[in-house]
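You will see chain A twice below: alongside chain B first, and alongside chain C after that.
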Partner chain A sequence: MEIILFIAKFGLAFIPLSCIAIMIFLERKGASIIQDRVGPNRAAIKIPGIGSVRGFGMIHNISDSVKLFFKEDFLPKHAHKWYYILAPMLPLMTAILTPALIPWFAPISLEGVEVSGAIINANSGLLMLFALGALSVYGVVIGSWASHNKYSLLGGMRASAMMISYEVSMGLSVVGLLLLIGSFNMTDIVEWQAANAWGVVVQPVGCLLFIVSMFAETGRTPFCVSEGESEIVGGFHTEYSSIRFALFFMGEYAHIVIASALIATLFFGGYHLPGLNTEVIHAHTAGVLAGLLAVKALMLALFCLMTTRQKKLYGALKASDKAVRLKEYSLFQIIFGGGALVAVLIAAVLMFIPMDGLLSELLTAAIQISIVMAKTMFFCWVFVWVRWTVPRFRYDHIMALGWKVMLNVALVNLVITAIVYKLLIETGVISG
Partner chain B sequence: MAKIIPRPQLSLLEQLYFVEVFKGMALTIKHAVRSLAKPETIPVLNYPEVQPELPAEHRSEHRLMKRADGTSRCVACYMCQTACPARCITIVAEESPDGDIEKRPATFDIDWLLCVFCGLCVEACPCDAIRMDTGKAILVEDSRDAFIANKDRLMDWSPADYPAEDIISQEAPGGLLNEQALAAMQGGMFSAGDVADVADKETC
Partner chain C sequence: MKVQHSNGDTLDLMTVNMGPSHPATHGALRIFAALDGEDVTAAACEMGYLHRGFEKMVEQGTFNMVLPYTDRLNYCSSMMNNVGFCKAAEKMFGVTVPERCQLLRVIVSELSRIIDHLVCLAANLVDLGALTNYWYLFNPREEVYKIWEKLCGARLTNTFSRIGGLYRDAYPGFEGEVLNVLKSIETGVADVRALIDTNRIFIDRTRDVCPVSGEDATAWGWTGPCLRASGVDYDLRKAEPYYGYDTFEWDTVIGTTGDTYDRIMVRAYEIVESVSIVRQAVDRLRPGPVDSDDTRVSLPPKQLVYHDMEALINQFKLVYEGVRPPVGECYDGCEAANGELGFFIVSDGGTNPYKIKVRPPCLTQFAAFADMIEGYQVADVFATLGSINIIAGELDR
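Up next is the complex of A and B:
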């Protein structure tokens, strides 16, 4: 049992890794749909019997990774070899370690063994998360220093100065929430939100500050000063190529996934949905699962509708590859439509399966993992959404915003939270 | 005297920045949803599988118009060569065997690497012998010499590639098809002045 649990928990560490592929797809397709474009759709694989399949641009992930793996691994002569090799590993390493601290489901008991939702159910959970998250800046700094190149160094300096500045307001923005909850333990934080109210309701200003700080922490637009093609060539990764370059980017995307999971856990109730407490899910496992499957079926049906519309549109055009593309659209119609039907069927069958103790426990955990993942993916989309909406700041504006606005707002928010909380306890509105 | 442009004064809401960010995000999500729900509104072609519809005025590679007997309508008058600002047209004239027509081109070369596709040669031609309506605009060749189109290449086009209902796109007016073309023109496509112009060109 211990070993199975160990392996299962080990699998959770791969959540950000597998999300990287989705993130890259989401980034490109998100950019294209926001800018009224079709987006990447040229890479295709030939499946015997079906023909070439483009998969709405999904195949680009495969072709990109193949390209990056087989490109020449170039090591500049002037680079500091040891640190140059070490640097790309750090961001990805920290990004793979952090999901261990995020509670993916409520604590369950399996044959008497109490299993916590976080792999490391530490009482210092949030502090450890912040500590690990702060480590990722070392990858950028070491990489830029080891490149021995003025543009890389400028990019690394900018990134490190910005990340350290925003770390302050990031830490202070959650203190207000921690004051109310009284625990650093991540599971406690989610349980408190389930029992009282979501963090975004009790700390709206703190939530906004935290999300903005997270954008700065991950080095995303509007805070993407660590790289600037028009100013400092490529920024910190100017000298990097092939898989080392890819590792930096995988680290960045994994960091986005972790940041999204953190936002969802701290301020948006983690695995909790309004009206769906752990007890409720546990008591009506089949019903909740059927409801989730119905949502999934609805989404698949929408995808099927979308494919049908695109097929109809392409069929009306004078295109030289009409037959091939229409065949592919038919394939995806079958996949999405069939998937929707299968989801409905499974939901119907589930109603007749008795949910006993162990199965119910496991399914509850699975449902809660999917709730966290849904929230995480939503915030990943917000990262993409903001990137293609907001223009980037000038460097001094970033510093002014970080030190003169966000830090002060976070401090005032903390003080007001403390005073209001104390007053509420004194007047007996809530019990401390 | 320098013109002083006053800095735009931001209102309090705009200075807050967040409200404007949310406005922008509302705009972008509107575009995203529109792209997904109504793919027909995306102004993008699946090029090169889907080719754009070129307007009739589009200037592309040249072609030399033919008489009904298949010879070139060009009378080697050098008007296009003179009008060309890029000096890409080279004509060598020779005597025409036809008694009514003085000259014909021995060679008619257009260097597409020099050509700026301005269309002045088409404007200058008194015989409607050169046109730029082939719709071909992608010039890909292996050598510089291959970009120089000679008379045979300029006359190597098929009437099937041009709209059948538009007779003057098939054959230039004059010769055997003149009656037919004039009839088509009088059907309302051109003014009486145009028809008179074309009728003057009958000697071409």
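Up next is the complex of A and C:
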């Protein structure tokens, strides 16, 4: 039983990998929404009997990845071969490793076996997460050095300097929270939040600092100086092409997913929702599931409405491929509308299925995984949102912000937290 | 690269070629920089990668054949270059164009100025990493291009003016479309201003970056928005008014320190002023002729050509030979989007120009660029390069 579960939990390692595809879609479509344009909508696949389907630009992911796989894998003569090949693997590797430490659901007991929500329920969980997260910069630094290109070198220098600076404030920003919780174990951290209050409530400043540090860690705009496409051409990946370039990007996107999951876990209650702690879900599994399915049905109905609107707009246009596209829209209407109905039906049926121990345990875990994923996706969207809103920092401004502002604020936050916490214990408001 | 500093220190510098092919050079320029870490210690700039021999080419054709070449000077505001050349050529002839022609030229000039500034701002903000602004500014620009298509049939290299008049009168409904476009321009600029005005990152990255004092700017021979950003109140539209610019109600926009922030903001506010000028000009548009009645430059009316021998000969001479300016030299400039666009024309009395020398506005700005960026950072180089709006087509000619 334990072995089967252990293997099953390995599936969680693929969460960031599968989220990369969603992230790319989210990024491109999010950008097009923010930038007042249509976005990717050209790539289509022909399904026999149904016709050409574009999937709101989702097909672009497939065509892009196929393109990147089959492009010439160029290895510059002047590059250091082995490091050049090794570098793109590192960020993705660390990003795939990290979800092993994030608790995706509350510990459950299956036939007497305690199963933790994280693949590795280590007591040093958070430290390991930070250690793994910090490793990803090696890919950038090694890649830039091995490329033997001046722009790459500049990008690598910026990346390493930024990583070192922000690693400090990132570590310090969570110390306040850890002081209150008293554990590095990720499950303990979430359980404490479920029992008391979310991290963002008790440590608002720490939360803000942590989110900003996470932007720096992932090297996203406004901290994208290591890439800085208008300044230093492509930064660290100037010399990279085809799938190696894609690996860097998959690493970046996987890192965003991990960073979002971390923000959600450390400061936004992880798998906990107010009023929906593990016991409640466990006691009313069918009801909660039905509620979630109702939300799902509502969303699908909204999608159906959106498709209907688009179909109407498209129908009013002059276009050569009108028949094909209208057929596609009808297909989406059926899928979304039907999906909504099916969700409602399942929700109704669920009410009459008795939830015994094992099924209830597993469904509770599934519900909690979806809660974590929902929060993670929200923060992924924040990453996209910020990227298309603000300009890029200048390198020295990032350093000044990191060392002169964030580090000091984090320290002051820590000291104030410690003093207030001590005073509260002394006065007996809370028990230590 | 080890170099000896004048104060005796030994510096270990890294030389970097930025350009000619670089994402932020917008065209083909080369900045050869010696970097001390991220700081630019010394720089040398090179131009000429887009040299097409404009000044030699135009000697091969007639005066009217020069016009399409002028489109390729500043290809972000082609219409304005036509107006500039026609203005210089008309000065040679001593021709004054009719009121309607002047107003239409003002409208296309100011719309060109607006789209040029939109491109400059958009590209500059992209160089700063703020990509979204690009679409907010390019969407209204696209609408202006739709008007250009209707006016003259071309999208990029539009030629609308002719010596002594225009290609043709504006199409019906032109005024309404222009006024609509102005609205979307105002919306686009307001959206961008909302994104950048109070954005700390933007302000930090542009304020006090590569400032140029008013004296320096004048000494370098700067004109246009960059000069005004340095605090010098000089605008050819006010200094030597043409086409009734003095009768419109508008203000010149003046900066204070001449840094990158001022250069960006002067452009942003000049768009607002240009919008106001276009509104006033559209208001004053009355039906009337657009070509001058001077037979040396304008075709006679078709009715006359069919019935009058002199008119027929006139048409024949103008079409087969072209216009013949009097012998002499003439310089005339207009306030183009980047600054003073001047044409020095030498005529030997023939149909082809003997020599045309262009005074491109961004040449002087690019000449100063190497001095401007020394001591600043790599990121500042491109923030500044965007703000002085180098258009390689006009720079190299």
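Methods note: the second predicted complex is superposed on the first by the 432 of 432 C-alpha atoms of A that agree within 3 Å, B and C clash if a C-alpha of one lies under 4 Å from a C-alpha of the other, contacts with A are read in each partner's own complex, and residues count from 1 in each chain.
Methods note: contacts are C-beta pairs under 8 Å (C-beta built on N, C-alpha and C of every residue); 3 or more make two chains touch, one makes a residue touch a chain.
Just so it is clear, the model here is predicted, and its values are computed rather than measured.
Asks: Evaluate whether chain B and chain C can sit on chain A together after superposition, giving fit or clash.
Replies: clash
Asks: Touching A:Ala8 in the superposition: chain B (first), chain C (second), both, neither?
Replies: neither
Asks: With both complexes overlaid on chain A, does A:Val38 touch chain B (first), chain C (second), both or neither?
Replies: Only chain B; A:Val38 stays clear of chain C.
Asks: Applying the document's definition of touch, where does A:His397 land relative to chain B and chain C: first, second, both, or neither?
Replies: A:His397 sits against chain C, while chain B stays out of touch.
Asks: Answer with first, second, both or neither: which of chain B and chain C does A:Cys224 touch in the superposed model?
Replies: second
Asks: When the two structures are overlaid on chain A, which partner does A:Ile353 contact: first (chain B), second (chain C), both, or neither?
Replies: A:Ile353 contacts neither chain B nor chain C.
Asks: Looking at A:Lys150, would you say it contacts chain B, chain C, both, or neither? Reply first, second, both or neither.
Replies: Once the two structures are laid over each other on A, A:Lys150 reaches chain C alone.
Asks: Should A:Trp388 be classified as contacting the first partner (chain B), the second (chain C), both, or neither?
Replies: Both partners.
Asks: Output check: A:Ile232 vs chain B and chain C. Expected answer is one of first, second, both, neither. What do you get?
Replies: A:Ile232 contacts chain C only, not chain B.
Asks: Of the residues on chain A, which ones does chain B touch that chain C also touches?
Replies: 34-37, 388-390
Asks: Which bits of chain C are touching chain A when the two form their complex?
Replies: For chain C paired with chain A, touching residues are 14, 16, 22-24, 35, 37-38, 125-132, 134-136, 139, 195-196, 199, 201-202, 204-205, 377-382.
Asks: Touching residues of chain A toward chain B in the complex: what are they?
Replies: By the definition above, chain A touches chain B via 30, 32-38, 208, 306, 309-310, 313-314, 317-322, 325, 385-386, 388-390.
Asks: So in the complex, which bits of chain B are touching chain A?
Replies: 18, 21, 24-25, 27-29, 31-32, 34-44, 46, 48-51
Asks: Sort out for me which residues of chain A touch chain C in the complex.
Replies: Touch residues, chain A against chain C: 31, 34-37, 150-151, 154, 157-158, 221-222, 224-225, 228-233, 388-397.
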